[in-house]
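The following blocks contain the structures, represented as structure tokens.
Heads up, the next two complexes both have subunit A, just with different partners, subunit B and then subunit C.
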Partner chain A sequence: MSRLATQLAADLPGESGSGLQWIRALRDTGARHFRKHGLPTRKDEAWKYTALGVLEQGGLRLATKTEPPSTPSSHSPPLAQAGFNLTMLDGQLLQQSGTPRAGLTVLSLADALSKDINGLQVLLESLPQGNSGDGFSALNTATLDSGVLVHVAAGTDGGRLMINWSTQAREKSLLFNTRVCVILEPDARLELLEQFESPQGNSNTCNIVLQADLGENADLQHIRFQQESEGAGLITRTEVSQQTDSEYAYFGFDLGGGLVRHDLHATLLGSGAKSDLSGAYLLDGKRHVDNHARVDHQAAGGFSEQFFRGVASGSAKAIFNTAVCVHPGADETEARQSNANILLSAKAEINTKPELEIYADEVIASHGATVGQLDEQAVFYLRSRGLNEQEARQLLTTAFCRSVSDRLRDPQLGEVISQRMMDVMPQAE
Partner chain B sequence: MTGNTSTIDTLVEQKYEHGFVTDIESDTLPPGLSEDVIRGISARKKEPEWLLDWRLKAYAHWLEMEQPDWAHLNIDAIDFQDISYFSAPKSDKDRPQSLDEVDPKLLETYDKLGVPLHERARLAGVAVDAVFDSVSVGTTFKSELKKAGVIFCSFSEAVQDHPELVKKYLGSVVPQRDNFFAALNCAVFTDGSFVFIPRGVRCPMELSTYFRINAAETGQFERTLIVAEPGSHVSYLEGCTAPMRDENQLHAAVVELVALEDANIKYSTVQNWYPGDEKGVGGIYNFVTKRGDCRGARSRISWTQVETGSAITWKYPSCVLRGDDSVGEFYSVALTNNYQQADTGTKMVHIGRNTRSKIISKGISAGRGQNAYRGLVRMTPPAENARNYTQCDSMLIGKSCGAHTFPYIEVRNPSAKVEHEATTSRIGEDQLFYCLQRGISEEDAVSMIVDGFCKQVFKELPMEFAVEAKALLEVSLEGAVG
Partner chain C sequence: MLRITNLHARVAGKEILKGLSLELKAGEIHAIMGPNGAGKSTLGNVLAGREGYEVTDGEVIFNGKNLLELEPEERACEGVFLAFQYPVEIPGVNNTYFLRAALNAQRKYRGEEILDSVGFLRLVREKLKILNIGDELLHRAVNEGFSGGEKKRNEIFQMAVLEPSLAILDETDSGLDIDALKTVAEGVNRLRSKDRGMIVVTHYQRLLDHIVPDRVHVLADGQLVATGGADLALKLEEQGYAWLEDGGIQTLNTDPVKQTANP
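Our next item is the complex of A and B:
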């Protein structure tokens, strides 16, 4: 085990904490797994391109409940005004503002656990854990306590739910573990907008596991916008299980952060389910963003698409790995993968790996991946129209990433996000 | 008392049945792998000391290595101590004396492939000299090559006759500790081919293992080394479209290609080892390390492979594009039917400036076959203006087969351009329908469609090979439809 993993294992509480028997057992399982396997290393295929050295150098320690969050510090403006808002500080639910729509229920996870809400146990226990690369999820389970539960009743539209994540700068860097559970009953809808922004100089890391259970014909739109400070870490794992005709759409925007890793996993259990994952990552400096997606088609007639665009400059490193597995019997599945990247500097690095595993019949699957530069002819065209070189390049690079924000259903939100992308767009060196 | 003495005498005089020493002239070494076995192989081949040391070093590395398990393959455990690592070619008296003694199923396949009668005998392992005068073909062939200054001989001959060349290039592309199976090959390889094309020479004919005398039984650990000096050109054909029966289950070959400035090497393979029966019993494990080194500027290495045989195929013919403006190409058709498994693809490592690579891979899965493309394209920081284009398509025929794609793309140079595209789909229903409606049988229609799907690769093969490869696909696909 690495020094960091040993330290974090030592920071784990000795007891399984309070609560019901099954919760304590779950925490125990997580702690055992973590003590045995520790954190993933580059020897794990899924972590081949991501080393955790930067977290280790920062002397990261596990946050414990003894450090209660204080009042929130100054915040960047939220991406959208409308909707019901949650403020999460240091991984804990600090406040709620606005009125939730009828059918939408939000509880802090601690509350939900003490009330033993129906379906919560099944959901929490369903998180697959067994690979040596699952160290972060094991740690998250071992400390299971803080987070939120979001529930949308059958046949209702929960509207927009915004979660604003931030952490406070301290003398030492802390690792916060949080769980978000989302349950959408049949025919329910929700737009979940997560925004990650912390004050500068912050070197904390958040380890968030989001589990979503989508009932028949449910629809979850999930937008994750991240503009953390350069020293901050963000590790997320999103597990979505989808019943018949349900739809999950993910839009990830990584504009900041030091070490960022997203694991997205959708399991299409019912026929006709649809998974649409898209994202843009814009990197400069020494930043490192690793997007890992996996879609398991277990029922017939499913559709999945991954659409990711990336720009890397400075000595940044971007990783994109997506795997679509069409299991036996998942006939008539359609799967598409697309990843395009622009590399702007000699020290930056892009690694991409779109995988297909197909065991079924009547499948249509395709993927494309490119790494290259801006089209010089297009730059010339813009310059001939009076733009200077820098403006021309910025416009073209933004347009390249805009193809992701243009996929958002709310055009206003798409506009706000593309403006934010324009502001941070890395320059060629 | 007398009786007792005579019993003792008989016992004393009795010869030790099991023998203390291994007879150096014996044909086959007992199963097992140890330093002594390697010394035994080296001694039988009368190898120089440096080569024995080289083998022993590889063996020491191999002992420290573990068999890799990352491939998308199900491999039964291999007992490396249960394999005999040296077996001399069969003498004529052990072979079938005529075609009447050969398995009729094999002959039927030859018939379908249109293999000429005299060749059938050779392929089926019938004592060659009786039916086919290979010597005369060989002689004309050799004299022409000699005129051009080309060296084309077995690896063992090269070790004896051109030790300086072998010593200089052996292991310079695939080093001893490259991977588990390559290390094993380095330690125990028995024979293979050696080709040397001198400066500025365009090899007057396509070289083929087929014409090399004694090529049929090079054994399971084959080693090939091709060196093309500056400005030279060679096309090398490996394998044969006709099914080859072989007793050895594990084949771990190593192929090394070295292309110096402006040299051009084209390496074509048709692999049709025994794939096992319809139930997946038996069949060859084909674990091969093939790598070409474009060492000089403007050099070019092109790999073309048609893989239809073997129970398990595990190989990645690769190019290291070191020289500026060098070019690497990979064209592949891999077909798996019944219970066959294949994990194959290529690696293109771009180091030199303006290097280019192209990958065209066609995978066809039928029956319960599992077919995976695994490729790496790496643009290293010095690879200015490097370019790669990859296309890998998979076709599924049937409900229980699998087609998989694992492309790794690593780019560390901002002027590099990499494009990768892949598709997986079932054989086109509308195309099939159209053919059937025109009175073409389903089987013929499928082979027509498959042939069209593979055309891009077939056109890279030398003409005779291409014709045979097409016939081979048809035979391999038998029973896949309906």
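Our next item is the complex of A and C:
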């Protein structure tokens, strides 16, 4: 086990905490798994390109609940207005504002656990915990306590729920573990907008697991926008299970962070379900952003799309891994994967790998992954009309990433995000 | 306004322009004709400053400035506009947004006020009306999925908005239907003024029926081999280029342009 994993294991509380028997048992499972396997290493195939050395060098320690968060740190303006807003500071629910729509229930996870909310146990116990690559999830389960439960009642529209994430800068670097549970009953709808931003000089890492359960014909739009500071770590896992005819639309924007890893996984359990995953990552400096997206088609007539665009400059490193598995019986599935990248500097690195496994009949599948440079013909065309070289390149790079923000259902939000991307757009070197 | 003297240029290591000289006075329109591969587009690209076109000899003076020393965007800001023979498609970049950014970049360079979106829209509407074209292309990405004729129309529309002092039209009339041809002619004629100059590269007389050029040049094998009045185009249409081959450099009618002999 790495020094970091040994330290974090030592930081784990000796006993399984308070609460109901099943919760303590669950924490125990996580703790046992973590003590046995520790954190993922580059020997794990899924972590081949991402080493955790920076976290170890930063002397990362497990956060304990003894230091409650004080004042919320200053956030740049929210991306959009939302009916209901949550402020998550240091991994804990600090503040709620606005009025939830009828049908929308938001509880702190601790509250939800003590009330033993219907469906929560099944959801929490369903998180797959396989090999040594799942160390962060195990740690998250071992410390299960902080977080939120979002529940949308059958046939209701929860509107837009915004979660603002940040951590406070301190002397030491802390690892915060948080769980977000989203339950959409049949025919329920929700737009979940997550914004991550921490003050400069911050060297904390958040380890967040989000589990979403979409009932029949439910519709979840999930927008995740992170502009973390350069020293911040963000390790997240999103697990979505989808019943018949449900729809999950994910839009991820990585504009910041030092070490960023996101495992995005949708499982289509019912027929006719649709998973539409898209994202853009714009990296400069020494940032390291590793995205793994995977869709498992387990029922017939499903549709999935993975549409990701990336730009890397400086000595940044981007990893994008997209996988689709069409399981036996998932006939007449349509699965599309597209990942295109632009390298703006010779020292930047982009690793992209599409994977496709098909064990069913009458499947339509397409995939493509490219890493290239800007179209020089287009650069010249723009310059010949008066834009200088930098403006021309910036316009083209933004346009490239705009193909993701243009997919948002709310064009106004798409415009705001595209402007934010333009503001941070890495320059060519 | 434009004086090209003994211009030699190479593309991919091959000499394409071999001592081309041309003088264009303010207020004039010159047509350049000539066989495929002669170097007409190369001349346009050299004037616009495209990378990969290496000038090995000669000079180009534009309004007193050494044009070849300027960056492509500086040339544009100085008033040079090239309507491309094959305009590129730029997915994701909105046509209107791009054109406004370009116009404002040029205005900024010239120390003029930046146009806000309202002012820009007014200008755009006015130009659309003059050119008798619809606004459906404006909302799309630059040239993306445009038909051949739509791309050419878009070039003319850009020219109308940017109002360059030197416009070079590279086969803007090729592949156009009759209405679009009128749009191009209208665009050129509207821009025609005593302090602007234009070079129209074409293979056909039909555009020249609408835009009567002051001079017609024949470019063959990297040089101007013949120069004449508007009637030269008619003769070329009837007889092709073969008759020029034996004669070498010819000067027809009363031609003020001096030809530099090929060394």
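One rule holds for everything that comes next: the second predicted complex is superposed on the first by the 428 of 429 C-alpha atoms of A that agree within 3 Å, B and C clash if a C-alpha of one lies under 4 Å from a C-alpha of the other, contacts with A are read in each partner's own complex, and residues count from 1 in each chain.
Just so we're on the same page, a residue touches a chain if its C-beta (ideal position, glycine included) is under 8 Å from a C-beta of that chain, and two chains touch if they have at least 3 such contacts.
Here the structure is a predicted model, which is why all the values come from computation and not from measurement.
**Q** So in the superposed three-chain picture, is A:L356 touching just subunit B, just subunit C, both, or none of them (first/second/both/neither)?
**A** A:L356 sits against subunit B, while subunit C stays out of touch.
**Q** Is A:Q377 touching anything from subunit B or subunit C once the two structures are fitted on A? First, second, both or neither.
**A** second
**Q** Quick check for you: in the superposed arrangement, does A:S403 touch first (subunit B), second (subunit C), both or neither?
**A** Only subunit C; A:S403 stays clear of subunit B.
**Q** Which chain makes contact with more of the residues of subunit A, subunit B or else subunit C?
**A** Result: the larger residue contact count on subunit A belongs to B.
**Q** Tell me which partner A:G368 touches in the superposition: subunit B (first), subunit C (second), both or neither.
**A** first
**Q** Report for A:L344: first if it touches subunit B alone, second if subunit C alone, otherwise both or neither.
**A** A:L344 sits against subunit B, while subunit C stays out of touch.
**Q** If you stack the two complexes on chain A, which partner ends up touching A:P328: first (subunit B), second (subunit C), both, or neither?
**A** The first partner, subunit B, only.
**Q** Overlap the subunit B and subunit C contact sets on subunit A and report the shared residues.
**A** Looking at subunit A, the two contact sets are disjoint.
**Q** Which bits of subunit C are touching subunit A when the two form their complex?
**A** Its residues touching subunit A are 48-51, 71-73, 75-77, 81-82, 84, 87-88, 90-93, 98-99, 101-103, 105-106, 109, 141-142, 158, 162.
**Q** Name, in rising order, each residue of subunit B that touches subunit A in their complex.
**A** Per the stated touch rule, the residues are 70, 72, 379, 381, 394, 396, 398-426.
**Q** Using the touch definition up top, name the residues of subunit A that touch subunit C in the complex.
**A** Listed in rising order, the residues are 375-378, 380-389, 391-392, 395-396, 398-400, 402-403.
**Q** For the complex, which residues does subunit A have touching subunit B?
**A** 45, 328, 341, 343-373, 428
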